[in-house]
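Look at the two complexes coming up: chain A is in both, with chain B in one and chain C in the other.
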Partner chain A sequence: MVTLSIDGREVQAEEGATILEVARDNNIYIPALCYHEEVAPYGACRLCMVEIAANGREKLVASCLYPVEEGLRVKTNTERVINNRRMIMELLLARCPDSEVIQDLAKQVGVDKTPFKLEDKQCILCGLCVRACEEVVGVSAISLVNRGVNRQVASPFYEAPDACIGCGSCAYICPVNAIKMEDIGDTRTITMPNPKMKKIEFKLKKCKVCGKYWAPERQLEYIARIAGLAPETFDVCPDCRQ
Partner chain B sequence: MRITAKQLKQKAKSILDNYQRDQGMLVSILQDIQAEYNYLPKEAVVEVSQALGAPLSQVYSVATFFKAFSLEPRGRHLINVCLGTACHVRGAVRVLEAIERELDIKSSRTTKDLKFTLETVNCVGACALGPIVIIDGEYHGQMKTDKVKALLENYT
Partner chain C sequence: MEKYAVFVPKLVTRRENFAPGHRACLGCGEALAVRLACKALGQNVIIVSATGCMEVISTPLPYTSWRVPWIHTLFENTAAVASGIEAGLKVIMRKGKRLAEEVKVVVMAGDGGTSDIGLQALSGALERRHDFLYICLDNEAYMNTGIQRSSATPYGASTTTAPAGKVSIGQVTWKKNVPAIAAAHDIPYVATACPSYPFDLMAKVARGAAIHGPAYVHILSVCPTGWRSATDLTVRIGRLAVETGVFPLYEVENGKYKLSIDLPQLRPIQDYLKLQGRFRHLSEEIMKEIQNRVNEEYAKLKEKVACA
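This part shows the complex of A and B:
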C-alpha cells in the first residue's frame, strides 16, 4: 500500500494502481472518455490530465496511465488542469458537434462553444472498441487504420470482417455512442461510424422453445468453440433453459 | 501481366519463410512484398496474417500506417514533383498541373495503364535545380511546363 494525496485528501492505494482508479475508488471525479475498467488504459482522450508534484516541479500527466507512488501529491482542479481540460473539450466538440455525450460533458466542464472549425465526425478515436474487441472478446475484428488526420476505426479493407462475431461489444463500450447496433427480426445490424464501411449484418439464432431471436449465430458458435461446449447448447435461449 | 492468386500465395510464402514467419518481422515482410509487386495485394496481406497468426485487422493497421506501403497497384514509374519552397516559387505547381493534364490523373494517383504514379514531395534538397521532377530516382531540374510532354515520352 502507498499513501498519496489527491486534492489535499490523504488516500491509501494499492501499489500499481493508476491515479484515475484511485481517484474513482475515493469518489473524486476526473472526467475521461477512453478509460474503461475492463481494458488496459490507453491515454487517448487526454481528458483525465491532472497535475502532480514531482521533484519540486508540477507537471501534467494522464491520470489513467500514471501509477500511484508513495507521497505523490495530485491536484485535479487547478487552473492549469481546468484550462487544459477545456481546450480538449473544445477540440472534441469541434470534431463531434452532434454528439450528445460530448455536448453534456462539455457543459459539465464549462464549455458551451468551440472556437475551432466544426467537423461532422462521430468517432473520437479513443480506441475503446478496438481494445475491447482484442482484449475482452479476443477476435480483433476491427482496428485503427491509416494515420494522422486520416486515422479511423475500420475493418480490414472496409469489408464486413470475417473475424467479427457480431457480439456488439464495440457498440456497448463506445463512450460517445458512435457505433450503432440494432436487432430487427432475425437480423442484427451493426453500423460503424465510417462512411467507407457498409452496415454489417448478422443472422440471429432462434430459440427452439420460445421462438425468440436471442443472439447472433456466429457469436454462439464462437462461445461454444472457445468454451468447448456442444453447438446444441445454445439451441435454447437462457430464459427457457431452466 | 496478371498475377494469379496462386503465384501470389507462393511468393508470399517464400518471403514469409525468409523471416521464419516471425511476427516481429511484419514490417520487413510487407516491405519485401511491396518491393516485389510495387504494392500490397489483398491476397498477400491475408496470407501474411494467416501465416503469422496475427489478426488481419492488425496487419491491415500496419499496412495502412506507413506511407511506404500502398494497397492500390502502383505504376511502373514513380514521378515525384518537388513542391518545396524554392521549387514552389519557381512554378512547381504549374509543372505539377501540366503533368496531371498530360497523364490525366490527379496527384497521388496512378494512371489506368499502370505506367505512372504521380506524387508530390516537400523538398528534395536540390533547390538550385528547381523546379525539380524526380522520375524513378532520376532528377530532372529546371523543369518547365512545355518540357513535360517530351520528358514523359522517354518512359515506357
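This part shows the complex of A and C:
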C-alpha cells in the first residue's frame, strides 16, 4: 500500500493502481472518455489530465496512465488543469457537435460553446472499440488507421472484415454511442462511424425449436471453435435449451 | 440490447456496489435485480430503501451490503423522503457548495411499498417533478412478512392471506398496473424490466438515472419462496413471464410507448403458470380466463405502441 494525497485528501492505494482508479474509488471526480476498467489504459482523450508535484516542479500527467507513488501530491482542480480540460472539451465539441454525451460532459466542465470550426464527425478516436476487439474478444477486426488528421477507425481496406464476429462489443463500449448496432429480422447490421465503410451485415441463427433469431452465425462458430464445442450446440437458443 | 452474447458481459463493471453475503433466499430474483441496478447506477447515488425484503436482507445490524449512501424509510413515505433529499441537494448546490458530479436520488421499494402503501407519496413526488428515479422491485406479494397478498399479486395466485381452497381460487383481483399509473403522471421516463434480461435492465436503470426529472422503473423479480417455484428456475421464469406476455417489457419516453422486446407470437400462459406452486390449483377454465386477459392487455399495449 502507498499513501498519496489527492486534492489535499490523504488516501491509501494499492501499488500499481493508477491515479484515476484511486480517485474514482475515493469519489473524487476526474472526467475521462477513453478509460474502461476492463481494457488496458491508453491515454487518448486527455480529459483526465491532473497536476502532480514531483521534484519541486508541477506537471500535468494523464491520470489514467500514471501509477501512484508514495507521497505523491495530486491536484485535480487547479486552474491549469481546468483550462486544459476546457480546451480539450472545446475541441471535442467542435469535432462532434451532435453528440449528446459530449454536450452533457461539456456542460459539466463549464463549456457551452466552442471557438473552433464545427465538424460533423461522430467518433472521438479514443480507441476503446479497437482495444475491446483485440483484448476482450480477441479478433482484432477493426483498428485505428492513418495518422494525424486522417486517423480513423476502420477495417482492412474499408471492407466488411472477415475477422468480425458481430458480437457488438464495440457498439457497447463506445463512450459516445457512435457505433450503431441493430437487429432486424434475420440480419444484424453494425454501422461504423466511418463514411468510407459500408454497413456490416451478419446473418442471424434461427432457433430450431422456437424459430427466433438469436445470435450471429459467425459469433456462434467462433465461440464453438474457441470453446471446443460441437457446432450443433447452438442450434437451439438458450431459452429453449433444456 | 439483449442480443449481446459472451463478450459484452466481460465489459460490465466488476465493482459490486451491492455487496455479496447478504441474506436473500436461494434463487432470489430481487437481489439479482438490485445488484444489476447498482452496477448501472455507479457510486454517485443516494439510495432510499423502503421497508421490505431488500431492506431486511441487506442490513442485518451491524452489517450492510450497501457500498453507497443508503437510508431506510417506512413503507409509506419513501418517495417523500426521496423528495426531501433531492430538495436538500438542490439547496446545497444553490448555496454554492458545488458537488463535482450530480448525485442521483434513487428509491428502491417493493410492490407493497409502491402499489399499496406508498402510492400516495409516489404520486405526489411524481407530480412535483422531483429529479429522482423510483425503482419498484415487484415480487407480487408481501414476501418479507410471509407472502401476504398485495395489489400487485396476479389473479389466481395463492397467498397466505388469499389462500386457494374449496371456496376461493386465491387472489380474486387482477394485478394493479402501476407503470401505467406512473405514465399517467406524464413523467419523462417509465419502463418495465426483468433481471432475466440483464442488459435491458441495466440500460433502463441507467437511462432513468440520466434523465432530469422523475423516472419510474418497474422490475419484475421472481421470488422462489413466495411463488413456490424451484430456485434454479428464477431466470427462466422471468424470461417466460416476458415471452408469455404476462409482463411485457416496454419503455414510455415522454408519453411514447416502445416495446423493448417485440414478440411475434406469445407463448401459451401454461408454460409460465405450470412452473409455480402458487398457481398449482388453477383449473383449465381459469387458465383460459387468464390467457384471454393477457392477450387483451397485450393487444392494448400494442395499440399504445402503434399510436406513438
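As a working rule, the second predicted complex is superposed on the first by the 241 of 242 C-alpha atoms of A that agree within 3 Å, B and C clash if a C-alpha of one lies under 4 Å from a C-alpha of the other, contacts with A are read in each partner's own complex, and residues count from 1 in each chain.
Rule of thumb we're sticking to: a residue touches a chain if its C-beta (ideal position, glycine included) is under 8 Å from a C-beta of that chain, and two chains touch if they have at least 3 such contacts.
Because the structure is predicted, anything quoted here is derived from the model rather than measured.
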| item | value |
| --- | --- |
| Clash-or-fit label for the pair chain B, chain C on chain A | fit |
| Which of chain B and chain C A:Ala132 touches, first, second, both or neither | second |
| Which superposed partner A:Asp183 touches (first chain B, second chain C, both, neither) | second |
| Contacts of A:Leu144 with chain B and chain C, given as first, second, both or neither | first |
| First, second, both or neither for A:Pro161, with chain B first and chain C second | first |
| Which superposed partner A:Ile52 touches (first chain B, second chain C, both, neither) | neither |
| Per-residue touch tally on chain A - higher for chain B or for chain C | C |
| Which of chain B and chain C A:His36 touches, first, second, both or neither | second |
| Contacts of A:Ala215 with chain B and chain C, given as first, second, both or neither | second |
| Degrees between the directions from chain A toward chain B and toward chain C, using C-alpha centres, nearest 10 | 150 |
| Shortest span in Å between Cα atoms of chain B and of chain C, once chain A is used as the common reference | 19 |
| Interfacial residue positions of chain A with respect to chain B in the complex | 130, 134, 139-147, 155-157, 161-163 |
| Chain C contact footprint on chain A (complex, rising order) | 24, 27-29, 36-38, 108, 132, 136-137, 167-169, 172-173, 183, 188, 214-215, 219, 223, 239 |
| Complex contacts: residues of chain B adjacent to chain A | 42, 45, 55-61, 64-65, 71 |
| Residue numbers on chain C that touch chain A, as the complex places them | 3-8, 10-11, 13-15, 43-44, 100-101, 236, 239, 243 |
